[in-house]
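Order of writing sets the chain letters: A, B, C, D, E, F, G, H, I and J. Residues in each chain are counted from 1.
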Amino acid sequence: MAMTPLHLGKTSALPASPEQAVLDYVPNPRPGSLYLVRFAAPEFTSLCPVTGQPDFAHLVIDYAPGETIVESKSLKLFLGSFRNHAAFHEDCTVGIGERLVAEMQPRWLRIGGYWYPRGGIPIDVFWQSGAPPEGLWVPDQGVAGYRGRG
Amino acid sequence: MAMTPLHLGKTSALPASPEQAVLDYVPNPRPGSLYLVRFAAPEFTSLCPVTGQPDFAHLVIDYAPGETIVESKSLKLFLGSFRNHAAFHEDCTVGIGERLVAEMQPRWLRIGGYWYPRGGIPIDVFWQSGAPPEGLWVPDQGVAGYRGRG
Amino acid sequence: MAMTPLHLGKTSALPASPEQAVLDYVPNPRPGSLYLVRFAAPEFTSLCPVTGQPDFAHLVIDYAPGETIVESKSLKLFLGSFRNHAAFHEDCTVGIGERLVAEMQPRWLRIGGYWYPRGGIPIDVFWQSGAPPEGLWVPDQGVAGYRGRG
Amino acid sequence: MAMTPLHLGKTSALPASPEQAVLDYVPNPRPGSLYLVRFAAPEFTSLCPVTGQPDFAHLVIDYAPGETIVESKSLKLFLGSFRNHAAFHEDCTVGIGERLVAEMQPRWLRIGGYWYPRGGIPIDVFWQSGAPPEGLWVPDQGVAGYRGRG
Amino acid sequence: MAMTPLHLGKTSALPASPEQAVLDYVPNPRPGSLYLVRFAAPEFTSLCPVTGQPDFAHLVIDYAPGETIVESKSLKLFLGSFRNHAAFHEDCTVGIGERLVAEMQPRWLRIGGYWYPRGGIPIDVFWQSGAPPEGLWVPDQGVAGYRGRG
Amino acid sequence: MAMTPLHLGKTSALPASPEQAVLDYVPNPRPGSLYLVRFAAPEFTSLCPVTGQPDFAHLVIDYAPGETIVESKSLKLFLGSFRNHAAFHEDCTVGIGERLVAEMQPRWLRIGGYWYPRGGIPIDVFWQSGAPPEGLWVPDQGVAGYRGRG
Amino acid sequence: MAMTPLHLGKTSALPASPEQAVLDYVPNPRPGSLYLVRFAAPEFTSLCPVTGQPDFAHLVIDYAPGETIVESKSLKLFLGSFRNHAAFHEDCTVGIGERLVAEMQPRWLRIGGYWYPRGGIPIDVFWQSGAPPEGLWVPDQGVAGYRGRG
Amino acid sequence: MAMTPLHLGKTSALPASPEQAVLDYVPNPRPGSLYLVRFAAPEFTSLCPVTGQPDFAHLVIDYAPGETIVESKSLKLFLGSFRNHAAFHEDCTVGIGERLVAEMQPRWLRIGGYWYPRGGIPIDVFWQSGAPPEGLWVPDQGVAGYRGRG
Amino acid sequence: MAMTPLHLGKTSALPASPEQAVLDYVPNPRPGSLYLVRFAAPEFTSLCPVTGQPDFAHLVIDYAPGETIVESKSLKLFLGSFRNHAAFHEDCTVGIGERLVAEMQPRWLRIGGYWYPRGGIPIDVFWQSGAPPEGLWVPDQGVAGYRGRG
Amino acid sequence: MAMTPLHLGKTSALPASPEQAVLDYVPNPRPGSLYLVRFAAPEFTSLCPVTGQPDFAHLVIDYAPGETIVESKSLKLFLGSFRNHAAFHEDCTVGIGERLVAEMQPRWLRIGGYWYPRGGIPIDVFWQSGAPPEGLWVPDQGVAGYRGRG
C-alpha cells in the first residue's frame, strides 16, 4: 500500500458499474488517533430497479479510520459508478456502507442516504456498522428534512 | 349586502364542489383607501384530472378591495371545496383568481399557486388580473423555491 | 411642541381604548433631511368584532418625518390600547396608518399588518398614504410569509 | 411474499378508507442489517370528527425493518385513504404507527405528526413502539416548530 | 367524563381570569399507548404585576397523556384568560404547567415559556413535572433564541 | 393536438439523448390569460464535454404559455435525456431554453441553471427569450448562492 | 428580602463598574419547583485590557432558582456596568457566572459568552457551576456559530 | 493627502466624543471607477438622551467614493466615539451619514441604522444623500427585521 | 482562438502573481444569445498592503458574454494568483473586474467582493462596467450581510 | 510565563511555516474553574500535498484550559502559517489539535475541520483528545453541512 493515489491529480474515466469501481485506500496519516472523517456527496444518482427512471440522493458518510483512509477521488468515482446501476434506496445506501466497511476495515462507519421524493414522499436511510467507539466525536449530520412547499 | 357574515362564528359544512361553494362578500370597511389584502392558504388540495390522485398546493392570494372584501371563512370553505375536484394545476390556480375577480370586482388581484412536486418537479403558477394600480404597495409573496434534498 | 416626552423614562398606564390614547409628537431632530423611520411591533393584539376572541398581529410601520417624529413610548401605548378594541383586520391596520398620517402629517407613511392565522389562513394588510417621495430609501419590510407546518 | 410490488410503476385508485387500503410489504433487501428508514409525508389530510372540516398534517415515520420493508407507493395510497376519514389528531397519528407495527412487525417504529394550527394552536403527536434497539442510528426528525407570524 | 367537548365547534366567550377558565378533559383515545402531545401557543399575553403593562410570550407545552387529553379549544380559552391577569414570567409559566398536571394527571408534562424582551433581555422559563417516562420520545422544542438585531 | 398526454399516468423509458426526447405540448387550459408557469428541476445531470465526468445542476424554468403548455412528465423525460449528453454549462442551459421556445412558442420563457461547484467555483447561467411581456408577474427564482463552508 | 424591586418601573443610572452594581434578588415565586430561567443579553460591551478598545458579546445565562430569583432590571444594570470595565473574554464571562452563583446561590447556573470576532477569530466561553441537577430541563442555547462571509 | 493611514497597523485610543474623532481619508485607488463600498458595523453603542441608558445598533453604510475613501480603522474609532454620546436614534443615524458626506464628499452615501428594541419596538432609520448615481450597483442591505419570539 | 482549454482536465501550477496569470477565453457556445454567467468564488485570499497579513473574501462575478467566455479553471488559477499579492480591498475587487472586461470584452460585467471583517467591520465592494444591457436577466447576488454574533 | 502577550496590540509578520510559528500561552485567569473556550477560524488555507493547489477550511477549536490559555493573536498567526504548508485534510486538522494539546496541556481539546469541497465532495474531520471531563459544558459546533446547490 503506497502513498501514490490512483486518481488524485489525474483524469480518470467513470467506472461502468459499482463492481468495476476500484476504491483506493492510502495509509492513515494519523494512525494512532481516534478521529472521524465525514464526506458529503450531494451529487449521487442511480436508477430505479422497477421503472428504470433515475433516482437522486444526497449521501453523507462518516467513518473512524483504522490503518487506511479512503482517497476521496476514488470515492467520487465509486459513487459515480452507480449512475447506470439499478437498486432500491435501502439496498443502495446500506450496500455502499457495507462495501466500505468490508474493504477499508475502519474502526466504525455510518452512512445516511437522503433521497429525493417520489410520489411526494422521500425516503431517508440510516445505517451504521455498530455502536460508535468510546471517545469518538460524532456530530449530527444535520441534513434538513423534506417539507414539501410553503 | 349586509354586515352579517354567512359563516364567521358558525360551523358550516364543506361545499361538495367549487360550483356549490358560495363566497361571501361584505362591505369594504375602508372603501376610500387603496390597500392590499393577502391570504396565505397552505391547506389546499385537489385531484389530478388524469390519475385521480390527490394534489396539494400552497396558495397565496393578493387583492386590492373595491366595494367589498371577501369574508375569510367563506374563502376557506371555497378553497376546501376543491377537495374532490379534478383540474390541472394551471387551470385550478388561474380559475380561482378569475372567479374571485368576476364576483368581487376588486381593483386588482393576483394568485400564486405553489404546487407540491410530482415526478420530482413542482409547478408554480402566477397570475394577475392586470398591472397593479398606481400607488398600491405590493410586497413579494416570498414563498421559498423547491430544492430537493441536501 | 416641546422636547419633553410625555412618557419616556416614566411609567404610564395603558389607555383603555385607541380613542383615549394620546400620541406624543416631538420636533424632528433632522427636519431638513429626507429619511425613513421604521417601527416593528410584534406585540399587537385586538379583539374580533364577530366572536370577541383575541386577535394577534405583527405590525411594521414606515414613515418619512415632516416637522415631527412620533415618540416611541407613546406609540407603544397607542398600540397597546387596542387590547380591548374590536375591529376587522383590514379596518384596524388601515385605521392605525390613517390616524398617524392625520395627526403627524409625515411626508409619507405605510403600514403592514401581518395577522396570525384564523381557520388556517392568515391575512396580511398593506396600506400606504400614496407613492413614496422621490429619493426616499424604502427597504422591503421582509416579514416571512405563513407556511403552515413541515 | 414476492418481489412484485402491487403499485410501483402502475396507476392505482385511492382507497376509500384506511380500512380498505392494502399495504404492500416486500422482502427486506438487507435483512441482516440494523438500519433505519424514514418517510416524510407532507401531503396528509383527514377530517375533524367534530366539525367535519379538513385537517392537514406533515407526518414523519421512522422504522427499523425486520423481515420486510413497506413499499412506498402502497404507503402513499394508505396515507391518501385518510382523505375522507374522521379522527382526532392523537388517534390518527398513533393509529397509523400501530397499524404499521402490527402488520409489518419491524424491529422498531415511531411516527411524528405535525398538524396545522387550529384556533392558533397546532398539535404535534410523537409516538414510538418502544425504546429504539441498541446500536440503531436515529437522527432527530427536525421539523420546525410553529411560530405564528413575525 | 363524556366525549362531548364543551367548546369545539361552538363560540365561547373568553374567561375573565385563569381561575374562571374551565379546562375540558376528554378520554384519551389511545390510553394504552405512551406518546407525547405538543401544543405551540404563540398568541399568549398577560400583564406585568409591577407596571401593569402587557407582556407577551410564545408557549410550548409537551405532555404524555394518562387517562385523558386536554381538549385544545378549552386550552386556548384557558391561555386567553391570562389577558387581564398579572404575574411574573416565572410564576405564570410554571403555574400553567402545574395546573395542567394537577387537573389532568398526565404521565408527564413540561412547559417552555419564551417571553418577549423587556429592557433588551428576554426571559425563557423551562419547567417539567419530573424526568420523562422511560421510552417516551421527547423532541427538542427548538424555539430560536433572541438575538437582538443584525 | 389532443388532450391525451403521451406519458402522464404511464411508465416511459428515459430517452437516450435530448435529440430523441419528444416533448409533449397540450392545449393551454387558460389561453386567454397571461400567466407564468414555473418548473423547479433539482434532479438534473449531464456530462462534462472535456473530462466525461458527471455534472449536476438545479434548473428553474419560467414561461408564459401561448397556445400550449408543456406536459410536465414529458419535460421530466426530456431533462432526464441529458444523463449521457456532454455539453458545457452555458450551452446546455441556454439550449434547453431555446428548444422549448422554438417548439412551444410561449409568449416568453427564461431558464436559470444553478450548477454544482467544480474547482470550488460554481457557475450559474441565466437566459431569457427577451424582456417579459407587460403585465406578466415574474417573481424572483430565489435560489441561494453557493457559499462554501462555515 | 422584600417583594419591592429596586429598579423595576423606575429609571436607574448605570453603575460605574461591576463592583458598584447592586444585584437585586427577590423571593422565588415557585420555590418548590425545579425549573430553569434563561436570560439572553445581546447588548453587552466591555473593554480590552491590553488595547483599551471596546469588546462586544452576546451572553446567555441559564439558572435553576433556589430561594431567590434575580430581578431582570438589576441584571441589566449589572451587565451594563461592564461598559468601562477592562477584562479578558474568559475572565469576564466566567466572572459574571461566579458572582451570580456566589450571591444568589441558585441550584445551578451556567453562562455562555459569544464574543464578536477580533482578528477574524471570535471566542466563545462556556462555564457552568457543576453538573445540572437531576430532572432539570436544560435546552441548548442554540447561538449560531461565526461563519465569516459568504 | 498621503497614503500613510493614521491608524492602520497601530493601536489608537478611543476618541472621547464624535467631535474629537478624526476620520482619515486616503486617495481612492480607483478614482475613475463608479463603485460602491459597504461597511457593516454591528458593534455600535451610544446613550439615550432622556434616560442615560445604553443604546445599541447595527449600522450599515454604503457609499460611492469620489476622490477619497475612508480608512476603515478611523471609521471604527469614529463609531466607537459614540460610546458616551447621547442622542436620539434618528439624530444619531442621520448625523453619521451627514458628517461622512460633508467631509468625504462621496458621489453618494446612505446609512441604515437598525436599533435594538426598547419597549418591545425597535426603530430602524434609513437615510441617503440623494438618489443614487446612474449606473451604480446598490444591493439591498438585507438586515433581517425584528420578530420578537417564537 | 481554439476549443482546447489550457487547463481543464490537467493539473496546472498556481501562478505567482496576477500579472503572471494567463486567463483562457474560449468561443462563446451561444454567441447569438444574451445571457448571464455567474461565478461564486468563496476561496479568495490576498495580503493587506499595510500589515502584510492575509485577507479573505467571497467574490461573485456576473457577466454577459460577447464573443468569448472565460474558461473556469483559468479563472480559478487567476483568482488563486492573488495569494501573495498585496492590495486594498477596493483596489483588488475593482481591478479583477476591470481586467476581465479589458481582456474578454463581455457585453457587461459586475463583481461583488464580500470581505471578511477586520476590526469588527467588513467591507463589501460592488462594481459594474456600466448599466446592464436591456433584456438581460440579472438576479441579485444574495450574499448575506455580516451580523456579528447572536 | 508572564502576562505580556507577544503579539496582542502589535503587528507581527506571518510565520513562514507551522514549525516556525510560536504560540503564546498566558496564565489562565480562572485557573480553578472548569470551562470551555471556543475559537471559530473561518480564514484557514493550506496547500494540497499532491497537486499544490490551495485548500480552504473553516476550523472550530474547543478546549478546557488547564494552567494556561492560548493568546488568540498568536493562534491566528499559527493558523496563518499553514498558508504555504502542504498536508492532507486529515493530517492537518488532527495535527493542529495534537500540537495545541502537547504544548498547552489543556484538560481537554477538540477540533472540527470543515473543508471546502473538492470534486464535489467536502471532507470534515473531527478529533478530540479523549472523552470530555465530567461537568464540562460542550455545546455542538453547529457548522452547517454542505448541500451543493438548489
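Just so we're on the same page, a residue touches a chain if its C-beta (ideal position, glycine included) is under 8 Å from a C-beta of that chain, and two chains touch if they have at least 3 such contacts.
Just so it is clear, the model here is predicted, and its values are computed rather than measured.
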| item | value |
| --- | --- |
| Repeat of interface I-J, chosen from E-G, C-D or C-E - more than half of residue-number contact pairs shared | C-E |
| Angle of the C-alpha superposing rotation, chain C to chain G, to the nearest 5 degrees | 180 |
| Same or different residue numbers at the chain E/chain G copy interface, by half rule | different |
| Centroid distance [mean C-alpha coordinates] between chain J and chain H, Å | 33 |
| Centre distance in Å when chain B and chain J are each reduced to the mean of their C-alpha atoms | 54 |
| Distance from chain F to chain C - Cα centre to Cα centre, in angstrom | 44 |
| Mean-CA-position distance for chain G and chain B (Å) | 49 |
| Sequence positions of chain I contacting 2 or more other chains | 9, 11, 40, 42-43, 51, 56, 58, 116-118, 120, 122, 140-141, 143-144, 146-148, 150 |
| Contact set on chain C toward chain D in their complex | 40, 42, 56-58, 114-118, 120, 122, 143-144, 146, 148-150 |
| Complex contact set, residues of chain H against chain C | 50-51, 87-88, 90-91, 93-95, 98, 110, 112, 117-128, 130-131, 140-141, 144-148 |
| Parts of chain D lying in touch with chain A, wherever the complex brings them together | 5, 8-9, 28-30, 33-43, 58, 60, 65, 69, 72-73, 75-76, 79, 134-135, 137-144 |
| List of chain D residues in touch with chain B within their complex | 11, 13-14, 42-43, 45, 51-54, 56, 80, 83, 116 |
| Complex contact set, residues of chain H against chain D | 147-148, 150 |
